[in-house]
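First chain written, first letter: the chains are A, B, C and D, and each begins at residue 1.
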Amino acid sequence: MFVYSRTPYYYETDQMKIVHHSNYIRWFEEARIAYFDNIGYDFVKQERFGIVCPVLSVQAEYRNMIRFGDKIQIATRLTKYNGVRYEFSYLVKHAGTGELCCTGTSSHCLLDPEGRIIKIRTESPGTHELLCKALAMDASA
Amino acid sequence: MFVYSRTPYYYETDQMKIVHHSNYIRWFEEARIAYFDNIGYDFVKQERFGIVCPVLSVQAEYRNMIRFGDKIQIATRLTKYNGVRYEFSYLVKHAGTGELCCTGTSSHCLLDPEGRIIKIRTESPGTHELLCKALAMDASA
Amino acid sequence: MFVYSRTPYYYETDQMKIVHHSNYIRWFEEARIAYFDNIGYDFVKQERFGIVCPVLSVQAEYRNMIRFGDKIQIATRLTKYNGVRYEFSYLVKHAGTGELCCTGTSSHCLLDPEGRIIKIRTESPGTHELLCKALAMDASA
Amino acid sequence: MFVYSRTPYYYETDQMKIVHHSNYIRWFEEARIAYFDNIGYDFVKQERFGIVCPVLSVQAEYRNMIRFGDKIQIATRLTKYNGVRYEFSYLVKHAGTGELCCTGTSSHCLLDPEGRIIKIRTESPGTHELLCKALAMDASA
């Protein structure tokens, strides 16, 4: 589990005077990449080899609004991994009160430079090991 | 059912050379508001009365990538409405080939100026009628 | 001169209940690409050859606010071109009243796949001719 | 002078594989608000009183590209203030090398809840003092 901290930017608000719901999907990405960074998975380097990581699905439930001036924390967990596809979960909370604002998930795979799905287990054993270890740690947390 | 047409903007692409997944969530909003406009539901006027329409949940599955230069169509349907909460579905397709790129849903309610959930059926009968009619038409389409 | 029409999207507003100023910079890009499309300059195809078109500078003066529900028009002109670098000007107006909301400019060049500045006049004579013709037409308009 | 640090987000890149130029304008806003926070100017509280701070003009020159994975720093200075209107300058640099990527400016005023320009000097003396002190410090830095 990795806790990603963030304060909303002014331009992320909309005329309801709350953070626009689409920005949470972007925050999930920020949190996911920070999570990877934290376990030593080098996302930037990976892309230099032409490997990309598309989003297969994303989902969010909005419970409480977030405003400019708030401080938020996103508890980010790797919840599934089957050797090819992996899934993250996100809990977005107000930093001060712990009030839950949003829950979400996203799923992903890796594509090689030809756009073919990578069998991570066999074709990228280093990444496989990192993901297995992270999955085990998040399950026990 | 309303078909919303769009060409991606350059700034909506990311370094994978595809439209960033978060923009589909924004397109859903565009499609939804165009849908409302099409059935005579005046979203702009509604907000002048202090009534807002937050997103309760959103979900998307990405199947095929969309690139700058593509033309897309979003088949937008009102699929559920219970007098308080309503739900939309979206099918994002390549305009030329009809290839399905993304499916999604979103759910919504209305809040009055005090942030209280509006019982649309009783408190906003005009809107209620519009939504019921749209729901019936989309079910039969 | 090309007039690009647009209605602001909900997610382009901020908590001042106006379109966030950064979005005008994005609209300039939309208007510029629509302008090119209109004179038969194929931007999408160009990028397939690895040629990109970075922004060298951008500038905007904001005079009147734009709100969700407004209709706007962006009068877009090619104002300078010296064989290497070209410049656009933008006048953003309310479609109904003609009230001026924003004036802006942007300047650009072309880079080849190695990141080298392209001497358009000699290295891309077809594009050179298109730009010269557009410049002459906009000067006389 | 305040140095605002940032790493670009994945979704801020475009298909040129660089940060899209419009995001620098958003970063200027982030840097400006962090600057205000640093001198004890409470932007969040101010908006609760219905006072807003529109952007009157913005300008940027792009010199070197910024990529996902880079670390950047934005040296932010208050450069002008005449009792009503103030101006900021921004130098965006690569954190490691100090290479200059972008220079920019923006100018602003304050509006009261009726949309009237606030004479900061006389109508908001606390803010006036803060801005004068910041201006003097930045001039001597």
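In this section, a residue touches a chain if its C-beta (ideal position, glycine included) is under 8 Å from a C-beta of that chain, and two chains touch if they have at least 3 such contacts.
None of these values were measured; they are calculated from a predicted model.
Counting C-beta pairs in contact, the pair that comes out ahead of the other among A-C and C-D is C-D. Of all chains, the one whose CA centroid is most distant from that of chain A is C. As a whole-number value, the distance joining the C-alpha centres of chain A and chain D reads 29 Å. With centres set at the average Cα position, the gap from chain A to chain C is 35 Å. Rounded to whole angstrom, the centroid-to-centroid distance between chain C and chain D, based on C-alpha atoms, equals 24 Å. Multi-chain contact residues, meaning those touching two or more other chains, occur in chain D at positions 10-11, 15, 18, 22, 26, 29, 47, 68.
Taken chain by chain, the contacts link every pair, so each chain touches all the others. Residues 9-11, 26, 29-30, 33, 44, 47, 68-69 of chain D are the ones that touch chain A when the two sit in their complex.
Interface residues of chain A, counted against chain C in their complex, comprise 10-11, 13-15, 17-18, 20, 22, 68. Chain contact summary for the complex, chain A toward chain B: residues 15-16, 18, 21-23, 25-26, 29, 47, 52, 54-62, 65.
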